[in-house]
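Supplied in C-alpha coordinates, the structure appears directly below.
A, B, C and D label the chains in the order they appear, each numbered from 1.
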Amino acid sequence: MNFEPDFVADLKRLFEERVLFNQVLGLKIDRIEPELVTAHIDMRRELVGHFGYNRLHGGVISASLDSMGGLAVMAAIGARHMDEAPEQRLHRFGRLGTIDLRIDYLRAAIGERFVLSAEVLRLGSRVASTRMMFRGMHEELFATGAAAYIVS
Amino acid sequence: MNFEPDFVADLKRLFEERVLFNQVLGLKIDRIEPELVTAHIDMRRELVGHFGYNRLHGGVISASLDSMGGLAVMAAIGARHMDEAPEQRLHRFGRLGTIDLRIDYLRAAIGERFVLSAEVLRLGSRVASTRMMFRGMHEELFATGAAAYIVS
Amino acid sequence: MNFEPDFVADLKRLFEERVLFNQVLGLKIDRIEPELVTAHIDMRRELVGHFGYNRLHGGVISASLDSMGGLAVMAAIGARHMDEAPEQRLHRFGRLGTIDLRIDYLRAAIGERFVLSAEVLRLGSRVASTRMMFRGMHEELFATGAAAYIVS
Amino acid sequence: MNFEPDFVADLKRLFEERVLFNQVLGLKIDRIEPELVTAHIDMRRELVGHFGYNRLHGGVISASLDSMGGLAVMAAIGARHMDEAPEQRLHRFGRLGTIDLRIDYLRAAIGERFVLSAEVLRLGSRVASTRMMFRGMHEELFATGAAAYIVS
(Lines give C-alpha, C1' and ligand atoms only; values in the text may rest on other atoms or scores of the structure.)
Protein backbone atom coordinates (compact mmCIF):
# COMPACT_ATOMS: atom_id res chain seq x y z
CA MET A 1 0.00 0.00 0.00
CA ASN A 2 1.29 3.47 -0.88
CA PHE A 3 0.07 6.92 0.04
CA GLU A 4 -0.90 9.36 -2.71
CA PRO A 5 1.95 11.81 -3.53
CA ASP A 6 -0.37 14.69 -2.59
CA PHE A 7 -1.08 13.25 0.82
CA VAL A 8 2.63 12.78 1.47
CA ALA A 9 3.47 16.29 0.27
CA ASP A 10 0.73 17.85 2.39
CA LEU A 11 1.62 15.86 5.49
CA LYS A 12 5.26 16.84 5.03
CA ARG A 13 4.38 20.53 4.74
CA LEU A 14 2.05 20.42 7.69
CA PHE A 15 4.64 18.66 9.86
CA GLU A 16 7.74 20.61 8.81
CA GLU A 17 6.24 24.06 8.48
CA ARG A 18 2.97 24.43 10.33
CA VAL A 19 4.16 22.73 13.50
CA LEU A 20 6.37 25.73 14.14
CA PHE A 21 8.67 24.19 16.71
CA ASN A 22 9.58 21.46 14.22
CA GLN A 23 11.06 24.28 12.11
CA VAL A 24 13.18 25.34 15.07
CA LEU A 25 14.38 21.76 15.38
CA GLY A 26 15.09 21.64 11.64
CA LEU A 27 13.19 18.35 11.31
CA LYS A 28 13.02 17.17 7.67
CA ILE A 29 10.97 14.12 6.70
CA ASP A 30 12.63 11.55 4.42
CA ARG A 31 10.05 8.79 4.27
CA ILE A 32 6.39 8.35 5.19
CA GLU A 33 5.13 4.81 4.98
CA PRO A 34 2.32 3.11 6.86
CA GLU A 35 4.83 1.10 8.93
CA LEU A 36 7.79 3.46 9.20
CA VAL A 37 8.63 7.13 9.07
CA THR A 38 12.15 8.56 8.88
CA ALA A 39 13.59 12.07 9.03
CA HIS A 40 16.84 13.92 9.65
CA ILE A 41 18.13 16.97 11.50
CA ASP A 42 21.24 18.86 10.47
CA MET A 43 23.39 20.11 13.32
CA ARG A 44 23.19 23.84 13.95
CA ARG A 45 24.69 26.06 16.59
CA GLU A 46 21.34 26.73 18.33
CA LEU A 47 20.86 23.04 19.00
CA VAL A 48 23.98 22.74 21.15
CA GLY A 49 23.47 21.54 24.69
CA HIS A 50 26.92 21.73 26.00
CA PHE A 51 29.06 24.79 25.53
CA GLY A 52 32.65 23.87 24.96
CA TYR A 53 31.68 20.60 23.34
CA ASN A 54 29.51 20.38 20.27
CA ARG A 55 26.98 18.04 21.83
CA LEU A 56 23.37 18.10 20.78
CA HIS A 57 21.01 19.20 23.58
CA GLY A 58 19.06 16.26 24.98
CA GLY A 59 15.92 18.32 24.56
CA VAL A 60 16.36 18.32 20.78
CA ILE A 61 16.30 14.54 20.96
CA SER A 62 13.23 14.28 23.19
CA ALA A 63 11.33 16.95 21.24
CA SER A 64 12.09 15.50 17.82
CA LEU A 65 11.37 11.91 18.87
CA ASP A 66 8.02 13.00 20.30
CA SER A 67 7.24 14.61 16.92
CA MET A 68 8.38 11.51 15.06
CA GLY A 69 6.22 9.18 17.13
CA GLY A 70 3.25 11.41 16.34
CA LEU A 71 4.10 11.30 12.64
CA ALA A 72 4.29 7.50 12.72
CA VAL A 73 0.84 7.36 14.32
CA MET A 74 -0.44 9.78 11.70
CA ALA A 75 0.90 7.53 8.92
CA ALA A 76 -0.68 4.46 10.51
CA ILE A 77 -4.01 6.26 10.88
CA GLY A 78 -3.73 7.47 7.31
CA ALA A 79 -3.27 3.89 6.13
CA ARG A 80 -6.30 2.77 8.09
CA HIS A 81 -8.49 5.45 6.51
CA MET A 82 -7.51 5.25 2.84
CA ASP A 83 -11.21 5.41 2.01
CA GLU A 84 -11.24 9.03 3.18
CA ALA A 85 -10.07 11.94 1.02
CA PRO A 86 -6.42 12.94 1.78
CA GLU A 87 -7.54 16.25 3.25
CA GLN A 88 -9.91 14.53 5.62
CA ARG A 89 -7.11 12.21 6.78
CA LEU A 90 -4.86 15.18 7.45
CA HIS A 91 -7.51 16.66 9.74
CA ARG A 92 -7.00 13.72 12.02
CA PHE A 93 -3.54 15.07 12.81
CA GLY A 94 -5.05 17.86 14.86
CA ARG A 95 -6.72 15.39 17.18
CA LEU A 96 -3.53 13.52 18.11
CA GLY A 97 -2.10 14.10 21.58
CA THR A 98 0.95 12.67 23.34
CA ILE A 99 0.01 10.90 26.56
CA ASP A 100 3.57 10.26 27.69
CA LEU A 101 7.08 9.85 26.42
CA ARG A 102 10.23 8.06 27.56
CA ILE A 103 13.67 8.78 26.18
CA ASP A 104 16.79 6.71 26.90
CA TYR A 105 19.98 8.62 26.16
CA LEU A 106 22.68 6.10 25.25
CA ARG A 107 25.62 8.18 24.03
CA ALA A 108 26.49 11.87 23.58
CA ALA A 109 25.07 12.89 20.19
CA ILE A 110 27.85 14.52 18.19
CA GLY A 111 27.82 14.83 14.40
CA GLU A 112 26.74 16.89 11.43
CA ARG A 113 23.51 15.08 10.73
CA PHE A 114 21.16 12.94 12.79
CA VAL A 115 18.78 10.32 11.45
CA LEU A 116 15.44 9.66 13.15
CA SER A 117 12.93 6.86 12.72
CA ALA A 118 9.66 5.83 14.33
CA GLU A 119 7.28 2.89 14.06
CA VAL A 120 3.91 2.11 15.59
CA LEU A 121 3.90 -0.96 17.84
CA ARG A 122 0.16 -0.90 18.28
CA LEU A 123 -2.62 1.25 16.90
CA GLY A 124 -5.80 0.86 18.89
CA SER A 125 -9.05 2.74 18.50
CA ARG A 126 -8.10 5.11 21.31
CA VAL A 127 -4.40 4.72 22.08
CA ALA A 128 -1.33 4.17 19.90
CA SER A 129 2.11 3.05 21.13
CA THR A 130 5.31 3.87 19.25
CA ARG A 131 9.01 3.23 19.35
CA MET A 132 11.59 5.70 18.08
CA MET A 133 15.33 5.74 17.30
CA PHE A 134 17.80 8.62 17.10
CA ARG A 135 20.98 7.70 15.20
CA GLY A 136 24.10 9.26 13.74
CA MET A 137 25.28 9.19 10.13
CA HIS A 138 27.03 5.87 10.65
CA GLU A 139 24.07 4.08 12.19
CA GLU A 140 25.37 4.60 15.74
CA LEU A 141 22.43 4.63 18.15
CA PHE A 142 22.38 7.79 20.29
CA ALA A 143 18.95 7.46 21.89
CA THR A 144 15.75 5.43 21.85
CA GLY A 145 12.25 6.51 22.70
CA ALA A 146 8.83 5.09 23.48
CA ALA A 147 5.59 7.04 23.59
CA ALA A 148 1.83 6.64 23.84
CA TYR A 149 -0.61 8.86 21.92
CA ILE A 150 -4.30 9.40 22.17
CA VAL A 151 -6.07 9.07 18.83
CA SER A 152 -9.67 9.83 17.93
CA MET B 1 22.19 27.10 53.56
CA ASN B 2 22.44 29.66 50.78
CA PHE B 3 24.58 29.80 47.66
CA GLU B 4 26.91 32.76 47.12
CA PRO B 5 25.34 35.40 44.81
CA ASP B 6 28.26 34.92 42.40
CA PHE B 7 27.68 31.20 42.14
CA VAL B 8 23.99 31.78 41.43
CA ALA B 9 24.71 34.47 38.82
CA ASP B 10 27.31 32.32 37.07
CA LEU B 11 25.14 29.21 37.08
CA LYS B 12 22.25 31.28 35.70
CA ARG B 13 24.41 32.66 32.89
CA LEU B 14 25.86 29.28 32.05
CA PHE B 15 22.41 27.68 31.95
CA GLU B 16 20.50 30.42 30.15
CA GLU B 17 23.16 31.52 27.68
CA ARG B 18 25.85 28.94 27.17
CA VAL B 19 23.49 26.00 26.84
CA LEU B 20 22.40 27.41 23.50
CA PHE B 21 19.23 25.42 23.09
CA ASN B 22 17.97 26.80 26.42
CA GLN B 23 18.05 30.22 24.71
CA VAL B 24 15.86 28.85 21.93
CA LEU B 25 13.45 27.60 24.58
CA GLY B 26 13.56 30.98 26.34
CA LEU B 27 14.20 29.32 29.68
CA LYS B 28 14.73 31.89 32.47
CA ILE B 29 15.74 30.81 35.97
CA ASP B 30 13.83 32.32 38.90
CA ARG B 31 15.22 30.46 41.89
CA ILE B 32 18.21 28.22 42.59
CA GLU B 33 18.13 26.56 45.99
CA PRO B 34 19.70 23.29 47.12
CA GLU B 35 16.26 21.65 47.29
CA LEU B 36 14.35 23.39 44.53
CA VAL B 37 14.89 25.22 41.28
CA THR B 38 12.24 27.17 39.39
CA ALA B 39 12.13 28.94 36.02
CA HIS B 40 9.69 30.28 33.46
CA ILE B 41 9.19 30.35 29.71
CA ASP B 42 7.24 33.07 27.91
CA MET B 43 5.09 31.90 25.02
CA ARG B 44 6.44 32.76 21.59
CA ARG B 45 5.30 31.90 18.10
CA GLU B 46 8.21 29.51 17.43
CA LEU B 47 7.20 27.33 20.34
CA VAL B 48 3.80 26.48 18.90
CA GLY B 49 3.09 22.81 18.32
CA HIS B 50 -0.28 23.00 16.80
CA PHE B 51 -1.06 25.33 13.95
CA GLY B 52 -4.53 26.70 14.25
CA TYR B 53 -4.45 26.48 18.01
CA ASN B 54 -1.89 28.23 20.13
CA ARG B 55 -0.75 25.11 21.93
CA LEU B 56 2.81 24.75 23.16
CA HIS B 57 4.74 21.97 21.37
CA GLY B 58 5.19 18.95 23.63
CA GLY B 59 8.86 19.00 22.75
CA VAL B 60 9.28 22.37 24.47
CA ILE B 61 7.95 20.72 27.61
CA SER B 62 10.19 17.64 27.42
CA ALA B 63 13.27 19.67 26.49
CA SER B 64 12.82 22.27 29.20
CA LEU B 65 11.97 19.74 31.92
CA ASP B 66 15.11 17.77 31.03
CA SER B 67 17.11 20.98 31.44
CA MET B 68 15.38 21.77 34.74
CA GLY B 69 16.07 18.32 36.18
CA GLY B 70 19.75 18.81 35.31
CA LEU B 71 19.73 22.22 36.99
CA ALA B 72 18.20 20.73 40.14
CA VAL B 73 20.94 18.10 40.23
CA MET B 74 23.53 20.82 39.72
CA ALA B 75 22.12 22.78 42.68
CA ALA B 76 22.13 19.66 44.86
CA ILE B 77 25.72 18.88 43.87
CA GLY B 78 26.67 22.50 44.48
CA ALA B 79 25.23 22.26 48.00
CA ARG B 80 27.19 19.10 48.69
CA HIS B 81 30.46 20.71 47.61
CA MET B 82 30.29 24.10 49.35
CA ASP B 83 33.90 23.57 50.40
CA GLU B 84 34.94 23.97 46.76
CA ALA B 85 35.35 27.36 45.07
CA PRO B 86 32.21 28.39 43.08
CA GLU B 87 34.08 28.05 39.79
CA GLN B 88 35.13 24.51 40.62
CA ARG B 89 31.52 23.60 41.45
CA LEU B 90 30.37 24.99 38.10
CA HIS B 91 32.81 22.71 36.30
CA ARG B 92 30.81 19.77 37.61
CA PHE B 93 27.97 20.86 35.34
CA GLY B 94 29.89 19.66 32.30
CA ARG B 95 30.04 16.15 33.64
CA LEU B 96 26.28 15.75 34.11
CA GLY B 97 24.43 13.54 31.65
CA THR B 98 20.78 12.56 31.38
CA ILE B 99 20.32 8.79 31.53
CA ASP B 100 16.62 8.84 30.77
CA LEU B 101 13.54 10.98 30.97
CA ARG B 102 9.80 10.44 31.27
CA ILE B 103 7.21 13.10 30.58
CA ASP B 104 3.49 12.77 31.32
CA TYR B 105 1.40 15.27 29.37
CA LEU B 106 -1.74 16.01 31.36
CA ARG B 107 -3.42 18.90 29.54
CA ALA B 108 -2.82 21.03 26.43
CA ALA B 109 -0.44 23.81 27.49
CA ILE B 110 -1.97 27.12 26.48
CA GLY B 111 -1.03 30.46 28.04
CA GLU B 112 1.32 33.41 27.96
CA ARG B 113 3.79 32.16 30.54
CA PHE B 114 4.72 28.74 31.86
CA VAL B 115 6.26 28.02 35.25
CA LEU B 116 8.72 25.14 35.71
CA SER B 117 10.10 23.53 38.83
CA ALA B 118 12.36 20.60 39.64
CA GLU B 119 13.56 18.85 42.77
CA VAL B 120 16.03 16.07 43.45
CA LEU B 121 14.46 12.96 44.98
CA ARG B 122 17.81 11.28 45.53
CA LEU B 123 21.39 12.32 44.96
CA GLY B 124 23.73 9.33 44.99
CA SER B 125 27.42 9.27 44.28
CA ARG B 126 26.80 8.14 40.71
CA VAL B 127 23.13 8.64 39.88
CA ALA B 128 20.60 11.35 40.74
CA SER B 129 16.81 11.09 40.35
CA THR B 130 14.60 14.12 39.89
CA ARG B 131 10.96 15.09 39.59
CA MET B 132 9.75 18.05 37.54
CA MET B 133 6.54 20.05 37.06
CA PHE B 134 5.34 22.21 34.18
CA ARG B 135 2.54 24.58 35.18
CA GLY B 136 0.54 27.53 33.90
CA MET B 137 0.21 30.97 35.46
CA HIS B 138 -2.67 29.86 37.64
CA GLU B 139 -0.93 26.81 39.05
CA GLU B 140 -2.68 24.46 36.62
CA LEU B 141 -0.50 21.39 36.07
CA PHE B 142 0.21 20.79 32.36
CA ALA B 143 2.85 18.09 32.61
CA THR B 144 5.06 16.21 35.05
CA GLY B 145 8.46 14.67 34.47
CA ALA B 146 10.91 12.25 36.05
CA ALA B 147 14.51 11.77 35.04
CA ALA B 148 17.75 10.08 36.07
CA TYR B 149 21.16 11.73 35.64
CA ILE B 150 24.66 10.42 35.84
CA VAL B 151 26.89 12.51 38.11
CA SER B 152 30.61 12.27 38.64
CA MET C 1 -17.74 13.22 49.46
CA ASN C 2 -17.51 9.72 50.90
CA PHE C 3 -18.03 6.31 49.35
CA GLU C 4 -20.66 3.97 50.78
CA PRO C 5 -19.14 1.40 53.21
CA ASP C 6 -20.45 -1.37 50.94
CA PHE C 7 -18.72 0.03 47.89
CA VAL C 8 -15.45 0.30 49.81
CA ALA C 9 -15.75 -3.23 51.19
CA ASP C 10 -16.56 -4.69 47.78
CA LEU C 11 -13.79 -2.82 46.02
CA LYS C 12 -11.36 -3.95 48.72
CA ARG C 13 -12.40 -7.59 48.32
CA LEU C 14 -12.26 -7.44 44.54
CA PHE C 15 -8.80 -5.87 44.60
CA GLU C 16 -7.23 -7.94 47.37
CA GLU C 17 -8.76 -11.30 46.59
CA ARG C 18 -10.06 -11.54 43.05
CA VAL C 19 -7.02 -9.98 41.44
CA LEU C 20 -5.07 -13.10 42.32
CA PHE C 21 -1.59 -11.72 41.86
CA ASN C 22 -2.37 -8.99 44.41
CA GLN C 23 -2.74 -11.83 46.92
CA VAL C 24 0.73 -13.06 46.01
CA LEU C 25 2.03 -9.55 46.61
CA GLY C 26 0.16 -9.38 49.92
CA LEU C 27 -1.34 -6.00 49.02
CA LYS C 28 -3.76 -4.75 51.71
CA ILE C 29 -5.79 -1.58 51.18
CA ASP C 30 -5.87 0.95 54.03
CA ARG C 31 -7.77 3.85 52.52
CA ILE C 32 -9.96 4.44 49.47
CA GLU C 33 -10.85 8.05 48.88
CA PRO C 34 -11.69 9.84 45.64
CA GLU C 35 -8.35 11.68 45.74
CA LEU C 36 -6.04 9.18 47.40
CA VAL C 37 -5.67 5.47 47.96
CA THR C 38 -3.19 3.86 50.35
CA ALA C 39 -2.19 0.28 51.12
CA HIS C 40 0.59 -1.73 52.72
CA ILE C 41 2.61 -4.88 52.08
CA ASP C 42 4.22 -6.92 54.85
CA MET C 43 7.64 -8.32 54.05
CA ARG C 44 7.71 -12.05 53.37
CA ARG C 45 10.45 -14.40 52.28
CA GLU C 46 8.99 -14.92 48.77
CA LEU C 47 9.24 -11.23 48.02
CA VAL C 48 13.02 -11.13 48.41
CA GLY C 49 14.97 -9.98 45.37
CA HIS C 50 18.43 -10.37 46.61
CA PHE C 51 19.62 -13.52 48.29
CA GLY C 52 22.05 -12.75 51.04
CA TYR C 53 20.40 -9.43 51.73
CA ASN C 54 16.79 -9.04 52.67
CA ARG C 55 16.00 -6.62 49.91
CA LEU C 56 12.55 -6.46 48.36
CA HIS C 57 12.50 -7.50 44.70
CA GLY C 58 12.07 -4.48 42.42
CA GLY C 59 9.30 -6.37 40.67
CA VAL C 60 7.20 -6.33 43.83
CA ILE C 61 7.47 -2.55 43.73
CA SER C 62 6.57 -2.19 40.05
CA ALA C 63 3.74 -4.72 40.25
CA SER C 64 2.18 -3.24 43.38
CA LEU C 65 2.49 0.36 42.18
CA ASP C 66 0.80 -0.59 38.91
CA SER C 67 -2.05 -2.09 40.95
CA MET C 68 -2.23 0.99 43.18
CA GLY C 69 -2.42 3.38 40.25
CA GLY C 70 -5.30 1.34 38.87
CA LEU C 71 -7.04 1.46 42.24
CA ALA C 72 -6.64 5.25 42.36
CA VAL C 73 -8.23 5.53 38.92
CA MET C 74 -11.04 3.23 40.05
CA ALA C 75 -11.68 5.46 43.08
CA ALA C 76 -11.69 8.58 40.90
CA ILE C 77 -14.09 6.95 38.43
CA GLY C 78 -16.25 5.78 41.33
CA ALA C 79 -16.46 9.36 42.59
CA ARG C 80 -17.48 10.61 39.16
CA HIS C 81 -20.29 8.07 38.91
CA MET C 82 -21.91 8.31 42.35
CA ASP C 83 -25.26 8.34 40.57
CA GLU C 84 -24.70 4.71 39.60
CA ALA C 85 -25.35 1.79 41.96
CA PRO C 86 -22.14 0.59 43.73
CA GLU C 87 -22.24 -2.69 41.82
CA GLN C 88 -22.39 -0.90 38.50
CA ARG C 89 -19.41 1.26 39.46
CA LEU C 90 -17.42 -1.85 40.35
CA HIS C 91 -18.03 -3.25 36.88
CA ARG C 92 -16.01 -0.37 35.50
CA PHE C 93 -12.93 -1.91 37.11
CA GLY C 94 -12.90 -4.66 34.52
CA ARG C 95 -12.55 -2.17 31.71
CA LEU C 96 -9.43 -0.48 33.11
CA GLY C 97 -6.12 -1.19 31.37
CA THR C 98 -2.60 0.05 32.03
CA ILE C 99 -1.14 1.81 28.98
CA ASP C 100 2.32 2.23 30.45
CA LEU C 101 4.20 2.50 33.69
CA ARG C 102 7.42 4.09 34.89
CA ILE C 103 9.12 3.24 38.15
CA ASP C 104 12.07 5.13 39.65
CA TYR C 105 13.92 3.08 42.23
CA LEU C 106 15.53 5.47 44.71
CA ARG C 107 16.86 3.26 47.51
CA ALA C 108 17.04 -0.45 48.35
CA ALA C 109 13.72 -1.33 50.00
CA ILE C 110 14.47 -3.06 53.29
CA GLY C 111 11.98 -3.29 56.16
CA GLU C 112 9.14 -5.24 57.70
CA ARG C 113 6.31 -3.25 56.17
CA PHE C 114 5.97 -1.03 53.13
CA VAL C 115 3.42 1.74 52.65
CA LEU C 116 2.00 2.52 49.21
CA SER C 117 -0.03 5.45 47.97
CA ALA C 118 -1.43 6.61 44.65
CA GLU C 119 -3.26 9.66 43.36
CA VAL C 120 -4.81 10.59 40.04
CA LEU C 121 -3.21 13.62 38.40
CA ARG C 122 -5.78 13.75 35.64
CA LEU C 123 -8.90 11.76 34.86
CA GLY C 124 -10.02 12.27 31.27
CA SER C 125 -12.83 10.56 29.44
CA ARG C 126 -10.41 8.09 27.85
CA VAL C 127 -7.08 8.28 29.67
CA ALA C 128 -6.12 8.73 33.33
CA SER C 129 -2.65 9.63 34.63
CA THR C 130 -1.48 8.70 38.11
CA ARG C 131 1.45 9.15 40.45
CA MET C 132 2.46 6.57 43.04
CA MET C 133 4.81 6.35 46.05
CA PHE C 134 6.42 3.35 47.73
CA ARG C 135 7.65 4.15 51.25
CA GLY C 136 9.00 2.48 54.36
CA MET C 137 7.58 2.56 57.88
CA HIS C 138 9.44 5.76 58.67
CA GLU C 139 8.27 7.66 55.62
CA GLU C 140 11.51 7.00 53.73
CA LEU C 141 10.82 7.08 50.00
CA PHE C 142 12.00 3.87 48.28
CA ALA C 143 10.45 4.35 44.85
CA THR C 144 8.09 6.55 42.85
CA GLY C 145 5.91 5.64 39.92
CA ALA C 146 3.88 7.21 37.14
CA ALA C 147 1.38 5.43 34.92
CA ALA C 148 -1.30 6.02 32.31
CA TYR C 149 -4.50 3.97 32.16
CA ILE C 150 -7.19 3.61 29.58
CA VAL C 151 -10.68 4.09 31.00
CA SER C 152 -14.03 3.53 29.34
CA MET D 1 32.39 -16.04 22.44
CA ASN D 2 30.62 -18.54 24.67
CA PHE D 3 30.23 -18.73 28.43
CA GLU D 4 31.50 -21.79 30.30
CA PRO D 5 28.67 -24.31 31.01
CA ASP D 6 29.38 -23.92 34.75
CA PHE D 7 28.96 -20.19 34.63
CA VAL D 8 25.66 -20.56 32.78
CA ALA D 9 24.40 -23.21 35.19
CA ASP D 10 25.36 -21.17 38.24
CA LEU D 11 23.87 -17.96 36.88
CA LYS D 12 20.66 -19.85 36.04
CA ARG D 13 20.43 -21.28 39.57
CA LEU D 14 21.17 -17.96 41.19
CA PHE D 15 18.56 -16.18 39.07
CA GLU D 16 15.79 -18.79 39.17
CA GLU D 17 16.17 -19.98 42.74
CA ARG D 18 18.03 -17.54 44.91
CA VAL D 19 16.17 -14.48 43.70
CA LEU D 20 13.11 -15.75 45.51
CA PHE D 21 10.52 -13.60 43.80
CA ASN D 22 11.64 -14.98 40.43
CA GLN D 23 10.43 -18.37 41.73
CA VAL D 24 7.04 -16.84 42.46
CA LEU D 25 6.96 -15.53 38.90
CA GLY D 26 8.01 -18.95 37.57
CA LEU D 27 10.76 -17.37 35.46
CA LYS D 28 12.83 -20.03 33.62
CA ILE D 29 15.91 -19.06 31.64
CA ASP D 30 16.27 -20.52 28.13
CA ARG D 31 19.35 -18.78 26.79
CA ILE D 32 22.20 -16.72 28.21
CA GLU D 33 24.42 -15.13 25.62
CA PRO D 34 26.51 -11.98 25.82
CA GLU D 35 24.09 -10.16 23.50
CA LEU D 36 20.75 -11.74 24.33
CA VAL D 37 18.97 -13.54 27.13
CA THR D 38 15.62 -15.31 26.81
CA ALA D 39 13.29 -17.01 29.28
CA HIS D 40 9.70 -18.18 29.63
CA ILE D 41 6.89 -18.16 32.18
CA ASP D 42 4.11 -20.73 32.24
CA MET D 43 0.67 -19.37 33.09
CA ARG D 44 -0.55 -20.24 36.58
CA ARG D 45 -3.63 -19.25 38.48
CA GLU D 46 -1.73 -17.01 40.94
CA LEU D 47 -0.51 -14.83 38.11
CA VAL D 48 -4.00 -13.79 37.02
CA GLY D 49 -4.71 -10.08 37.07
CA HIS D 50 -8.26 -10.06 36.06
CA PHE D 51 -10.83 -12.30 37.67
CA GLY D 52 -13.36 -13.48 35.17
CA TYR D 53 -10.85 -13.37 32.36
CA ASN D 54 -7.60 -15.28 32.38
CA ARG D 55 -5.42 -12.27 31.81
CA LEU D 56 -1.91 -12.11 33.16
CA HIS D 57 -1.44 -9.40 35.82
CA GLY D 58 0.50 -6.45 34.42
CA GLY D 59 2.73 -6.67 37.47
CA VAL D 60 3.99 -10.08 36.38
CA ILE D 61 5.09 -8.43 33.15
CA SER D 62 6.83 -5.47 34.79
CA ALA D 63 8.47 -7.63 37.45
CA SER D 64 9.74 -10.26 35.05
CA LEU D 65 10.98 -7.73 32.48
CA ASP D 66 12.90 -5.90 35.22
CA SER D 67 14.53 -9.23 36.15
CA MET D 68 15.30 -9.98 32.49
CA GLY D 69 16.94 -6.61 31.90
CA GLY D 70 19.14 -7.27 34.93
CA LEU D 71 20.05 -10.70 33.58
CA ALA D 72 20.98 -9.20 30.20
CA VAL D 73 23.28 -6.71 31.95
CA MET D 74 24.78 -9.55 33.97
CA ALA D 75 25.50 -11.49 30.77
CA ALA D 76 27.09 -8.42 29.16
CA ILE D 77 29.22 -7.80 32.25
CA GLY D 78 30.15 -11.47 32.32
CA ALA D 79 31.34 -11.24 28.71
CA ARG D 80 33.42 -8.19 29.52
CA HIS D 81 35.16 -9.97 32.41
CA MET D 82 35.97 -13.36 30.91
CA ASP D 83 39.43 -13.02 32.46
CA GLU D 84 37.86 -13.42 35.89
CA ALA D 85 36.90 -16.79 37.40
CA PRO D 86 33.18 -17.62 36.88
CA GLU D 87 32.51 -17.30 40.60
CA GLN D 88 34.00 -13.84 40.69
CA ARG D 89 31.83 -12.78 37.76
CA LEU D 90 28.73 -14.04 39.54
CA HIS D 91 29.54 -11.84 42.51
CA ARG D 92 29.02 -8.84 40.29
CA PHE D 93 25.33 -9.73 40.17
CA GLY D 94 24.89 -8.60 43.75
CA ARG D 95 26.04 -5.12 42.89
CA LEU D 96 23.50 -4.53 40.12
CA GLY D 97 20.60 -2.17 40.84
CA THR D 98 17.69 -1.00 38.71
CA ILE D 99 17.63 2.78 38.36
CA ASP D 100 14.32 2.93 36.55
CA LEU D 101 12.00 0.94 34.36
CA ARG D 102 9.37 1.67 31.74
CA ILE D 103 6.83 -0.84 30.54
CA ASP D 104 4.48 -0.35 27.58
CA TYR D 105 1.51 -2.69 27.68
CA LEU D 106 0.36 -3.31 24.12
CA ARG D 107 -2.23 -6.07 24.35
CA ALA D 108 -3.89 -8.17 27.07
CA ALA D 109 -1.53 -11.10 27.77
CA ILE D 110 -3.52 -14.30 27.49
CA GLY D 111 -1.97 -17.71 26.85
CA GLU D 112 -0.39 -20.77 28.38
CA ARG D 113 3.21 -19.70 28.03
CA PHE D 114 4.97 -16.36 27.68
CA VAL D 115 8.37 -15.77 26.11
CA LEU D 116 10.67 -13.04 27.39
CA SER D 117 13.83 -11.55 25.93
CA ALA D 118 16.23 -8.77 26.82
CA GLU D 119 19.25 -7.14 25.23
CA VAL D 120 21.70 -4.49 26.38
CA LEU D 121 21.65 -1.34 24.24
CA ARG D 122 24.63 0.15 26.02
CA LEU D 123 26.95 -1.06 28.75
CA GLY D 124 28.91 1.80 30.27
CA SER D 125 31.27 1.70 33.21
CA ARG D 126 28.54 2.91 35.55
CA VAL D 127 25.18 2.63 33.79
CA ALA D 128 23.68 0.03 31.46
CA SER D 129 20.55 0.50 29.31
CA THR D 130 18.42 -2.42 28.20
CA ARG D 131 15.40 -3.19 26.06
CA MET D 132 13.01 -6.04 26.79
CA MET D 133 10.15 -7.86 25.04
CA PHE D 134 7.27 -9.91 26.43
CA ARG D 135 5.65 -12.15 23.80
CA GLY D 136 3.17 -14.97 23.44
CA MET D 137 3.75 -18.44 22.00
CA HIS D 138 3.02 -17.23 18.49
CA GLU D 139 5.42 -14.28 18.58
CA GLU D 140 2.63 -11.79 19.33
CA LEU D 141 4.07 -8.83 21.22
CA PHE D 142 2.25 -8.20 24.51
CA ALA D 143 4.57 -5.64 26.09
CA THR D 144 7.92 -3.92 25.68
CA GLY D 145 10.22 -2.54 28.34
CA ALA D 146 13.21 -0.28 28.77
CA ALA D 147 15.34 0.03 31.89
CA ALA D 148 18.55 1.54 33.21
CA TYR D 149 20.77 -0.26 35.72
CA ILE D 150 23.65 0.86 37.84
CA VAL D 151 26.69 -1.40 37.50
CA SER D 152 29.90 -1.39 39.50
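Rule of thumb we're sticking to: a residue touches a chain if its C-beta (ideal position, glycine included) is under 8 Å from a C-beta of that chain, and two chains touch if they have at least 3 such contacts.
A quick note: this is a predicted structure, and the numbers were derived from the prediction, not measured.
Asks: Touching both subunit B and subunit C: give me those chains, sorted by label.
Replies: Shared contacts of subunit B and subunit C: A, D.
Asks: Given the two chain pairs A-B and B-D, which is bridged by the higher number of C-beta pairs in contact?
Replies: Pair with more contacting C-beta pairs, A-B versus B-D: A-B.
Asks: Centroid of subunit B to centroid of subunit D, CA atoms only: how many Å?
Replies: Distance between chain centres: 34 Å.
Asks: How many angstrom lie between the centres of subunit A and subunit B, each centre taken as the mean Cα position?
Replies: Those two chain centres are 24 Å apart.
Asks: Would you mind listing the residues of subunit B that make contact with two or more other chains?
Replies: 99-100, 102, 104, 129, 146, 148
Asks: Considering only which chains touch which, how would you classify the arrangement: line, ring, star, complete or other?
Replies: Shape = complete; every chain linked to every other.
Asks: Would you tell me which residues of subunit D are touching subunit B in their complex?
Replies: 99-100, 102, 126-127, 129, 146, 148, 150, 152
Asks: Quick one: which bits of subunit C touch subunit B in the complex? Just the residue numbers, please.
Replies: Of all residues in subunit C, those touching subunit B are 102, 104, 106-107, 121-122, 129, 131, 141, 144, 146, 148.
Asks: Once bound in the complex, which stretches of subunit B touch subunit A?
Replies: 14, 18-25, 45-53, 57-60, 62-64, 66-67, 94, 97-105, 108
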